[in-house]
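Note that subunit A is present in both complexes that follow, paired respectively with subunit B and with subunit C.
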Partner chain A sequence: MVTTSTTPAASAAQRGPQRLGLIAAVVLIAVSIALPFVPPFTGQDWQRYLVGAALIAASAVAFDFTAGYIDIVNFGFAAFMGLGGYTSAILVNTYGISPWLGFPLGALTAGILGLLTGLLTLRLRGIYAAVMTWFVALALLGLARNLTDVTRGPLGLAVSPLLATNDNLPYYYVMLGILIATLVVLTLVIRSRVGLAFRAIGQNLQAARASGINPTVFLVANFTISCAFAGVFGVFYAHYYGILTPDVMGTSHTIEILAIAYIGGRGSLWGPAVIAFPMYIAVQLLKVQLSSQPALYLVIYGLLLILVMLYRPDGAAGVIRSLGHRLDRRPKSGAGPAGASATPTPGATA
Partner chain B sequence: MTTATATNLKQVPLLRRYLNLTSAILVVAAAAMIVVSIQNPSLLVNTLATGGMWALMAGGLALVFGVMNIPSFVHGDLFMVGTLVALFVFTPIQSMIQDAPNDFVLKWLGPFAGMILAFILGAVIGVLMELLLFRQLRRRSREQWVMNTFLLTAGLSIMFENVAMMAFGNLPQGISRYWDVPPIDVLGVPVAMDRLVTFIVAMGTLAVFALFLQRSRTGRAMRAVSMDETGAQMAGIGLTRIYQLTLALSCGLAALAGAVLIWLTPFTPTVGASPLLIAWYVVILAGLGNVQGAVVGAFLVAMVQQLTGYYLALNWVDVLPTGIIILVLLFKPSGLFGSEVKGVWEQ
Partner chain C sequence: MGAGDSAGPRSLWTEGQMALLELNGVTKRFGGLTAVNNVTFNVEAGSIFGLIGPNGAGKSTLLNCLAGLTRPNAGTIHFDGHDTTGFPADKMSRLGLGRTFQIPRPFPRMTALENVAVSASFGGARLGARAVQERSLEMLEYVEFPRAPHTSAATLNAVQLKRLDLARALASRPKMLFLDEFAAGLTPSELHDIAKLLRRIRDDGTTILMVEHVMRLIMDLCDTLSVLQFGELIAHGDAATVAQDERVREAYLGPNYML
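Now for the complex of A and B:
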């Protein structure tokens, strides 16, 4: 599922698509920076959609970091976000620290809980981790509902804003910065030797173990990193929307992130980020248009998730990648080796 | 590592074999239940009634996981479908009962019509799920099967819930008087008819279910597939039929549980969430894919639920079980009744 450059010949053939990918990345970043100045996005409503899209994009990227590489579904992702958010909100409210300090603190608590959950479940099979994170999420949700002295329960906790402005534009750039940083950091991790170990474990646990990798160490490390990132996004969520209710941690929020991650393409990191913007904005528009059917967008998420799982397991990233390969091959069709070795595209295998 | 314990099993002295964590927990649980039930018999009645239904849910979940390696997330939505069927079948029957209050057949057998139809509809949905989803996925790839099917059922679950919400709304709709008869005295304790029938239906269904799995040819074939798929295939067992039957049975049981329990949990689109959680909790506690363990675990969980609900508060019901399961996973990662047989999914 994941393209890895195993032989020198393959890596030479990949250099073309890689350059293309770099160009695409630069173009996409430029577009996302310029986007708030293009007509429909100049309005505050649309800019709010953009902030939400960037937030869910970053969440889906961090989700994909575990789901796509070590094949562990963090079914409590939203709860780790919520934990980060609540940590920061409570500390800022009681001790008056700067919301910016909340980011490392939120990452710390979510990371520690991720570490503990990972230590407990990741020595077992993946499905234990998925179900256990779900339990942990429901327990956190229950705690947030019950500890009304601290969290005010379902009434919601008012949180001081991150920036001294009501304008959505600065928030968008903060979140875009977080998104790009997340993508860059996680991509660098995946490209490193540690990332190689992740991919090895995800593809074949026995073979990875046989080649001297201690799976538990890498699984827990991966999971902890992902949860810490979730904490960071939760802090942004809290200080952007200004109110935290236990519902932030709900399973439906996780499923939204999960659906975007898988529709975007597992094991690509950039796929979820790219698909999150059009999907999230389309869903928001649909919500506004069909306010009488508030559940419809979730039906669409569910249907898309099923279709992707059945027919296109590499998601949008796979579609884009195969288009890119075709684009890349066309100009230098005379060059034999590049064209020939580009044929075994991932996902084309039945 | 599991095979090592399997070979050691015979050498362990008899006393030590039964003096383990599992039996300790079971003894403590039984003792707690006896003490509590002397103080408050209704807790025991509720534990037995709900425990039986959780056993149906968890047994079906364990069966699907054992035979097909599908960690179903859609199980709770079949429970929801069950409540819907009961609602739609029993509401006209109830008005008929009001017209003829002395009709013995309607009064005593009316509710069963909904339960039977719920089981049938659940089974049909199960077969459709196998045909439309799992078979397609199997045909494409069996790579990362457990996680893929988990996500597939998660997607299906969102669809079920939200289609139900669009079609039937968000408000709870229940049946107030499933059995319009006064409570019956059981050993000096008045037991409401709905609880009694729930318990009897659960026990009856579980007995049939166990007999089917243990004694019938098809049941044996199912267990063979859950132990070794390739071996079962070599022995001439057709996997397609077994898969369909497994899903039909497990989905039917979940829908049946929903139809029986509608007196306790009225229909809402998300009514299945809590039974799903409980079923999963039971299955992890008992050991994945272990059907018998799931049945025992279901009563344990029902007891924990009743006790937390009674002594703490109802909103802690989700928090405490997670704490317990963390302890269990720490000390017995394969679950209380963790099977020594290595499932297909572990290979």
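Now for the complex of A and C:
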């Protein structure tokens, strides 16, 4: 299935960075598992930051799956999350089903609305498609505000917790598991034949068509997958924070996800996941300091976004990648071309 | 396979006989402007067919109609026995039409090999994963792509991009290949190599339709020529006869053109 896999003739230049990437991934996962036991992350406040960071990391990965590959910006991402969350919350509250069942159901409703939105909008290109996704989001937001019989509107809907504990640590591991599963699944899709079509469409639509790709099929498929994942994250959000208000669906929430996805590096998937932790936590600490200006964090995201666009369009992933290449090239004194792939140094993740 | 249905008005539209590509009265208007007016001709399988004409004659518009980028206002297009009038470009590709672009259109954030693999995977050949790899490497070699297969497409120069475009077009095993001003900007020695390559592609069974300005290449390669002027077909036939045609010489080649 892996169309981009290396061939013996040309693998020498590729294998080194790939091996290095795998090692970095294992180290990062180990670090994220151990993190809650390292001060200051042992405190409940800090662990709540970690849960939020893992949640926004997963969101940014699924956002990048669409923005970074088929070049469609989903301005309704947070609304699809909210739809998943409300679906689960209402079903759990009404029928008393397990919150865990909410995950597939939330994914289903968000995925179906994603499919319909995609069919409706993805014949349009660029900004038009983005604007249409935004309209859908505003419509959903309006519904959540006004269908007070089911959502209680701005009063907020109380949601039963996912776990029978107030401790943040188990929630962190649940969300970390969701994040890792999201990364693995979406990376496998991108590396498959289907992913090749996504990339082709995003990089040159006319050439993709001339190569036999029906863009609508793949655009809608990509958008639907991304929205279904958004639904899953929304379900976690609802059953973790315990209350849902229509604000969850707001555009500023989408912008936060967009900023982290772009700063992390478009079209990499892992870049947004890696950058989400330091960025989100830094912004939370800043929010505490600047509680008199509650919207200031959006300005900070905006400034960072502009800097990335100007100086590093490939984001943090690009920076890390070029550092990796340098690390990979340096210890080349080994035995021939095979030696290069056998000597990646640890510490590539710092 | 006879490319020698030769000259004369008879070959303009031969009832009953199957050509690979058949145009009948193709017309394309943009508002009040008729860019292509009632164009009818056939392209025989196994030939190299040249479409020439001065700038603005409607060549690119006609090519876009044939390749599925725009829908003609009137007329029909038959490709390989199917009525393909108004088919989208991706469907044309899956039916066996490969094309290059006037300005090459690479997938910039892919390697050269991946660029070719896209067409091998989704074009008319519909190859499996392993076959895609083999076919893509084979095509890069076939067009004498001068860089390593894993070179990023963003680092290629204009001539390398043309070869990459060609490899991508051929990777789907097309029955027919459209070349849109492929020779533009090539040096004489590159031109010589390209002529050799195109002849080889034809000999390997792919019919070629080329829109071209480089007369040397056209006279060298084409079995049949069609000349467009102001959207109308003013001449059609074998290359030598068309080049002698008074109207063609006046309209396009200029009075001083020497064969």
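Keep in mind that, in the parts below, the second predicted complex is superposed on the first by the 320 of 350 C-alpha atoms of A that agree within 3 Å, B and C clash if a C-alpha of one lies under 4 Å from a C-alpha of the other, contacts with A are read in each partner's own complex, and residues count from 1 in each chain.
We take it that a contact is a pair of C-beta atoms (placed from the backbone, for glycine too) under 8 Å apart; a residue touches a chain by one contact, two chains touch by 3 or more.
Keep in mind that this is a model prediction, so the values were computed, not measured.
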item	value
Partner chain(s) touched by A:125 [first = subunit B, second = subunit C, both, neither]	first
Which of subunit B and subunit C A:197 touches, first, second, both or neither	second
Which of subunit B and subunit C A:309 touches, first, second, both or neither	first
Most subunit A residues touched (candidates subunit B, subunit C)	B
Which of subunit B and subunit C A:210 touches, first, second, both or neither	second
First (subunit B), second (subunit C), both or neither touched by A:288	neither
First, second, both or neither for A:158, with subunit B first and subunit C second	neither
Which of subunit B and subunit C A:267 touches, first, second, both or neither	second
Touching partner for A:258 - first (subunit B), second (subunit C), both, neither	first
Set of subunit A residues, in rising order, touched by both subunit B and subunit C	1
Sites on subunit C touched by subunit A in the complex	67-69, 88-91, 93-94, 98-99, 101, 105-110, 113-114, 117-119, 121-124, 129, 132-133, 137, 148-150, 168-169, 172
Subunit A partner contacts - residues on subunit B that touch it in the complex	71, 133, 136-137, 140-141, 143-144, 146-148, 150-152, 154-159, 161-163, 165-166, 269, 273, 277, 280-281, 284, 288, 313, 315-319, 321-323, 325-326, 329-330, 333, 345-346
Contact footprint of subunit B on subunit A as seen in their complex	1, 67, 71, 73, 120-121, 123-128, 130-132, 134-136, 138-139, 141-143, 145-146, 251-252, 255, 258-259, 262, 293, 295-296, 298-299, 301-306, 309-311, 313, 350
In the complex, subunit A residues that touch subunit C	1-7, 9-10, 13-14, 193, 196-197, 199-200, 203-204, 206-215, 267
